[in-house]
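Labels for the chains are A, B, C, D, E and F, by order of writing; each one numbers its residues from 1.
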Amino acid sequence: MSQELFVINNVWMMVSIFLVFVMHLGFATLESGLARSKNTVNILFKNSMMPPIGLLMYALWGFSLMYPGADFAGKVFGFSGWGINLPEGGETSSYNAGYTFWTDFLFQGMFAATCATIVSGAVAERIKLATFLVFSVVFVGLCYPIVGMWKWGGGFLNTLSTPFYDFAGSTIVHSVGGWGALAGILLLGPRIGKYVNGKIKPIPGHSIPMATIGVFILWLGWFGFNGGSVLSAAPGAVSRVLVMTSLAAAAGAVGGCLFSYLLFKTGDFTMVLNGILAGLVGITAGADQMGVVDSVIIGLVAGSLVVVAVTVFDKLKVDDPVGALSVHLVCGIWGTLAVGFFGNLAGTPQLISQLIGIGAVGGFTFAFAFVLWWVLKMTMGLRVSEREEMEGLDIHEHKMHAYPDINSPGYEMSMPEKEEVLEADLPKRAPITA
Amino acid sequence: MKISVKPDAKLMKKIEAIIRTSKFEEVYEALAEIGIPFMSTYDVKGFGLEHGSSQVYRGTSYNVGFIPRTKIELIATDDQVDPVVSTILKIATTGKVGDGKIFIMDLEEVIRIRTGEIGEMAL
Amino acid sequence: MKISVKPDAKLMKKIEAIIRTSKFEEVYEALAEIGIPFMSTYDVKGFGLEHGSSQVYRGTSYNVGFIPRTKIELIATDDQVDPVVSTILKIATTGKVGDGKIFIMDLEEVIRIRTGEIGEMAL
Amino acid sequence: MKISVKPDAKLMKKIEAIIRTSKFEEVYEALAEIGIPFMSTYDVKGFGLEHGSSQVYRGTSYNVGFIPRTKIELIATDDQVDPVVSTILKIATTGKVGDGKIFIMDLEEVIRIRTGEIGEMAL
Amino acid sequence: MSQELFVINNVWMMVSIFLVFVMHLGFATLESGLARSKNTVNILFKNSMMPPIGLLMYALWGFSLMYPGADFAGKVFGFSGWGINLPEGGETSSYNAGYTFWTDFLFQGMFAATCATIVSGAVAERIKLATFLVFSVVFVGLCYPIVGMWKWGGGFLNTLSTPFYDFAGSTIVHSVGGWGALAGILLLGPRIGKYVNGKIKPIPGHSIPMATIGVFILWLGWFGFNGGSVLSAAPGAVSRVLVMTSLAAAAGAVGGCLFSYLLFKTGDFTMVLNGILAGLVGITAGADQMGVVDSVIIGLVAGSLVVVAVTVFDKLKVDDPVGALSVHLVCGIWGTLAVGFFGNLAGTPQLISQLIGIGAVGGFTFAFAFVLWWVLKMTMGLRVSEREEMEGLDIHEHKMHAYPDINSPGYEMSMPEKEEVLEADLPKRAPITA
Amino acid sequence: MSQELFVINNVWMMVSIFLVFVMHLGFATLESGLARSKNTVNILFKNSMMPPIGLLMYALWGFSLMYPGADFAGKVFGFSGWGINLPEGGETSSYNAGYTFWTDFLFQGMFAATCATIVSGAVAERIKLATFLVFSVVFVGLCYPIVGMWKWGGGFLNTLSTPFYDFAGSTIVHSVGGWGALAGILLLGPRIGKYVNGKIKPIPGHSIPMATIGVFILWLGWFGFNGGSVLSAAPGAVSRVLVMTSLAAAAGAVGGCLFSYLLFKTGDFTMVLNGILAGLVGITAGADQMGVVDSVIIGLVAGSLVVVAVTVFDKLKVDDPVGALSVHLVCGIWGTLAVGFFGNLAGTPQLISQLIGIGAVGGFTFAFAFVLWWVLKMTMGLRVSEREEMEGLDIHEHKMHAYPDINSPGYEMSMPEKEEVLEADLPKRAPITA
């Protein structure tokens, strides 16, 4: 292993870090675009706090929980100590041929933050800000690294006779986020006005352009998410992963587009966007194991699946403003199963392992998240008041509007501040002087 | 073309109501139920006893002064005025300062552009 | 300063027309041609016989109920009312449901802010 | 519920003023000082003697025709009309073309939604 | 050739892929920003489908058409078979010292998609969605790879005694897009309201900020477009290309800014944006052959040219909502010619070859596109109905608005669905009950 | 030093160029988001002209002023000649082990442009466009490279017995921008309506989403700003810098969030955004000298400091629409001082050198900028007219709106052009024909 290769690998991994980082921008724009303008600041606030919370929790103990190292790893739990401490040789190739200790930490830390961001969109437009922040801290700090260890940290899913396979995290990242989101949605309930007298009333997001920007940025980010998961710059492996990722995204777009056209007889653009993301999530579990045709099929199926899922969740009155469940949970499961159906690893034993992985991760995460949400509901409360929800979280939780001056000439006017007037305080009319 | 503006066509009224924006949907549905799903609406900024909620921007709090309200404009015949007004009052009243006002004005003439019909026929 | 609001100044009318937004430019130009390029306009949401076109969002179709319309407000003298109304009718009529309405109201007084002129002079 | 629309309740006027948007804040404050901080406002496009400033887009200049203006709507009792109008004139006049207009109309009835009060009580 | 260099080169090429990919986001934001809000979803839909269509067509047969390899290439046509099949050693440096087979495919595939995106903007706001999608499939699937082969695949333009030179595609990509756009515009006609009674009425786009974001992103993407066209990470060559690219963009901005100020006496920001793009397109043909002064001159000329071109096209009633012709066609031609005037290759023989290349590519592409558009016009129809155009393509083709809730409090209201009412259906008034 | 390492280093530096370049997009979106929509085109115009102006001035003479090379450098001034001329071996590792001459120029040129962009935001919404452009040309062309030479070009700050330390430019870039901004603000005065009767009236920006996008992009860009300042791809050093940069940003977000919550009892999202930027500016001076805990502390302090600074500047009636002083000047100083308090270099001698550096740079830059602004005030004038400021710079300086068609159905109407009407010109009423 030459020093040069180590340097190259590390450069590649750093580029991947940047790409995974921009996914947070992608989520921020996607989620706020798909929500109403009265809740935009709130969503951006949450998304902006995810990388900070993710990184700091990961620095505090998350990294040691998820990658405790051979000495400390258990089957279901391991821990190698508080904080992040540069190990002997951590800045050289003796740490790893692909990256330094710091690169490792930052790449994994950026990953960690994404799973909480997935939850953020699903519970948007009605959850209390503080409650969500507390949830994220615990979820990213405990649930994600523990589950992650099972596979990537060397835990029991990795030591099955046919090891569970999840290349870049269809299950470990996306489904984990999805299960957390599902638990939250169930305890929160739908937004006011979403299901009225048994009818579904769509609540369109406020900016399709912003959502589109988000999807493009997420696709870009996925190059690092999947490409970086090779954990080195190995030319064949990485470039193959990039191609399969792109083809699945492309096929997802086509799947979402055609399938929704068949169903709804209109070019439903949100389904194209969802299709792209679905393809990306779907390929994530096996991006390094698939061929060209496999990837296209996986993408097509994911793109169609997401259309069905969105409709079904709505029928079930599971109100998910940004479609996070359909994309991350459903297609995360699909992608994980696909490893058993397509590509190099296909076969019944693998399929069984995939099912075990999906079940174990899903069961634990859902239970963890449900209890956590429930405790928060009992203590801090989950949901804003009806008035806050109607008037928007922005003005109540942040005293701010997202677009203060559009069509508001008088907006800048400031007046002596007043709280809501009580009947008794009503001013007497000043005498009129002509 | 000659439109005769009859001075005796005073059977129509224009009703303007300024209501809480969040009440609009309910008011609309209630009016539709009594057979008046016809109106024009737009957003206004309301200045009244209730002041806008205070906002904070970079550490300074301030008050925008106004509250977003929805204005409804509705032409109705004389005998529809009572039910319309009472329907609005029934739905849009919360009892808190800021519920808004209803104004009633005389209307001289109304014409349906599609057909040129005038008066009550045009409603 | 004393503005005398004369009860006999009833020679002015307020004309409000709710028209299809896509017809506005033509209507404006036609009115300008007959010498009335003075007006104020704003957008309203129209609820009437014609309903908004159905929309689809993530697989569920729904109807926003209203149609975007433009409202024209125009102060005119009594004798301008007829030509204004007939011009609007000529241009804004498509014959399909949803063409809108014209309302005519009495105006008590109009004042030009720039000069303080009142009545017809202020137009 | 029965709202009696009394024909003799003609003591109220509706005042509409179309003013320069940049003057709104001052006008509001001046009206508040004479005890009338109650109104509804919205943005309109004004077509009058003054035309919109010419714009350039990709090398072609054009004129949007209208000027953004703010419209104030205010219900007042008969004796408030004079001070309101003179206050608006005092503040909103710049003397340049485009200052806007004030319209005064009869109002038949006003109702406070919160309480159901009618007439002057409702202001 | 060391393995290390191969790995580095491949990393560089992958970074270039990402940059070319984000150009699609740049086009999406630029084009939708320069169109009206009522057509925004439509434009974003088209732009979002371009990378999927481009990649899938390229995977189906495009790549084999454009780069058939020595054995299959002809002077004007070559084809090496369906699909993309990893050749022997395709993941190693024996395929190419600069990149793997996969990297090659993805880089070229992302390129391919850009030329259809150029067309998308020019025909915006009036073309039928389905027609445009079919056009793109054929244009990207046949026209672009055939023309591209002439030069980059080893066809006749490459084997002229003085070979036609087009470093990164001023002609092969940008002009090709431009010619396709021109054919479309001619058959489509201008937007309603653009030319009335012989007068030009500007139709400003709906969001200058979005257009600006687009231009910045395109500049960024051009680093990969030109920098990646070196096809290796060769430090001198690549960094020189980046500098020349940036200087031309900078000079283009200054050219557009000053020249439009002279002409129109105002700081016309759209001309600054166009100037930047013009400079970028202009330098693309010879970015590796120019010096500092050459690049600045090319940029300045391009930036001024685009101002003239926009005005001239408008005078000619050629309605191009986003200025794609002025930027990509005119400056593409200028950049290609500039290789004959400036830099290492300057000289009459080169100039003649450049003219041959421009003529051959232009003639074929324009004819191809014209026939294709014409066939589509006869079959599917090119243009939406007048009503659809007036009310916006978004609501008709997609049943969706781009900004659903801005200033729309009643928006979320949903009502029993109704199609347009017939006179006969008009409801009787319900009796009024007081 | 192997050729391979040279190539890798150069690739890394090119990636850093891209990241620093996108910072300009970040500034453009941040600054225009925090200003009112009526001034949006104006701000975007300025921000779009910054990279062009920066690069061209740097190419003309700036690069030679800032990095004159050992032969030409003086203690306070050096110059190695006009233009950029590829030196012997400038494309090989004999120029530098980390990058080619071209890479060097472009990286430094992109840096240069950022310091003028910082000024742009602070003087926004009232400064004359032409005046600002002239200021930028001179500021970027003279002040920045002269000051930069003092440290990075080998000038006197670098040859102190304990050399002044400024890793990536907390002082050399950010404070320089900040001082230039401060001088401008003092001579310009506050925006109309900001301070009325001794009261502060907030003037909220028009798009929080755009500002948020800006902050994410700036964080991304900072990976190149700081990571590239290592000037090679050295795995340990670069990845460590990335981690410390991210942790400081994360801590800044938390600091801004918590501290502003304590003070204002609301989730003031602008303070989260400011906190992130504050953390980034704060860590910039010592990113390669700090440990994990140091970085978190530096970020936390910066995030809290920025909250205080914003409030204090407002109290002092120093009107800075985007908070550039609080972020770049105050946290730039804090970050520079922090090198004396934390990390490898901490100690009194270093602290003294830091104070010397801050003082020298601050004194010179402020004086330079003040005189420059003052001369411009006397000649071209600094400030637009009151009417222009009230109605917006967009319509007056650019004859354009940023969002032309939102809610403007009649907008596209064009009419016979007319300048403001004189009383005498008033048309007679046309006779009315019924």
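Note that a residue touches a chain if its C-beta (ideal position, glycine included) is under 8 Å from a C-beta of that chain, and two chains touch if they have at least 3 such contacts.
On a predicted model such as this, the values are computed, not experimentally measured, just so you know.
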**Request:** Note down the smallest number of touching-chain steps it takes to go from chain A to chain E.
**Result:** 1
**Asked** If you tally contacting C-beta pairs, which pair wins, B-F or C-E?
**Response** C-E
**Fill in**
The distance between the C-alpha centres of chain A and chain F, rounded to whole Å, is 32
**Fill in**
Rounded to the nearest Å, the gap separating the Cα centres of chain A and chain B is 44
**Message:** Can you compute the centre-to-centre distance for chain B and chain C, using the mean CA position of each chain? Integer Å is fine.
**Reply:** 17
**Message:** Rounded to a whole Å, what is the gap between the Cα centroids of chain D and chain E?
**Reply:** 50
**Item:** Residue numbers of chain E (touch at least two other chains)
**Value:** 2, 4, 8, 11, 15, 201-204, 207, 266, 268, 270, 398-401, 403, 406-407, 410-414, 434
**Asked** Residues of chain D touching 2+ other chains?
**Response** 2, 22, 28, 41-43, 45, 49, 55-57, 61-62, 65-66, 82, 86, 96-97, 105-106
**Asked** Which residues of chain B touch chain F in their complex?
**Response** 2, 55-62
**Item:** Contact footprint of chain D on chain E as seen in their complex
**Value:** 200-204, 260, 263-264, 266, 268, 270-271, 274, 307, 310-311, 314, 323, 434
**Prompt:** What does chain A use to touch chain B in their complex?
**Reply:** 390-391, 395-396, 398-401, 408, 410-411, 413-423, 426-427
**Message:** With touch defined as at the start, can you tell me which chain C residues reach chain D in the complex?
**Reply:** 1-3, 5, 14, 28, 37-42, 73, 75, 105-114, 116, 122
**Prompt:** Where on chain E is chain A touching in the complex?
**Reply:** 2-4, 6-8, 10-11, 14-15, 17-18, 21-22, 24-25, 28-29, 32, 40-41, 44-45, 47-49, 51-53, 55-56, 59, 83-84, 90-92, 99-103, 105-106, 109, 129, 207, 210, 397-407, 411-412, 414
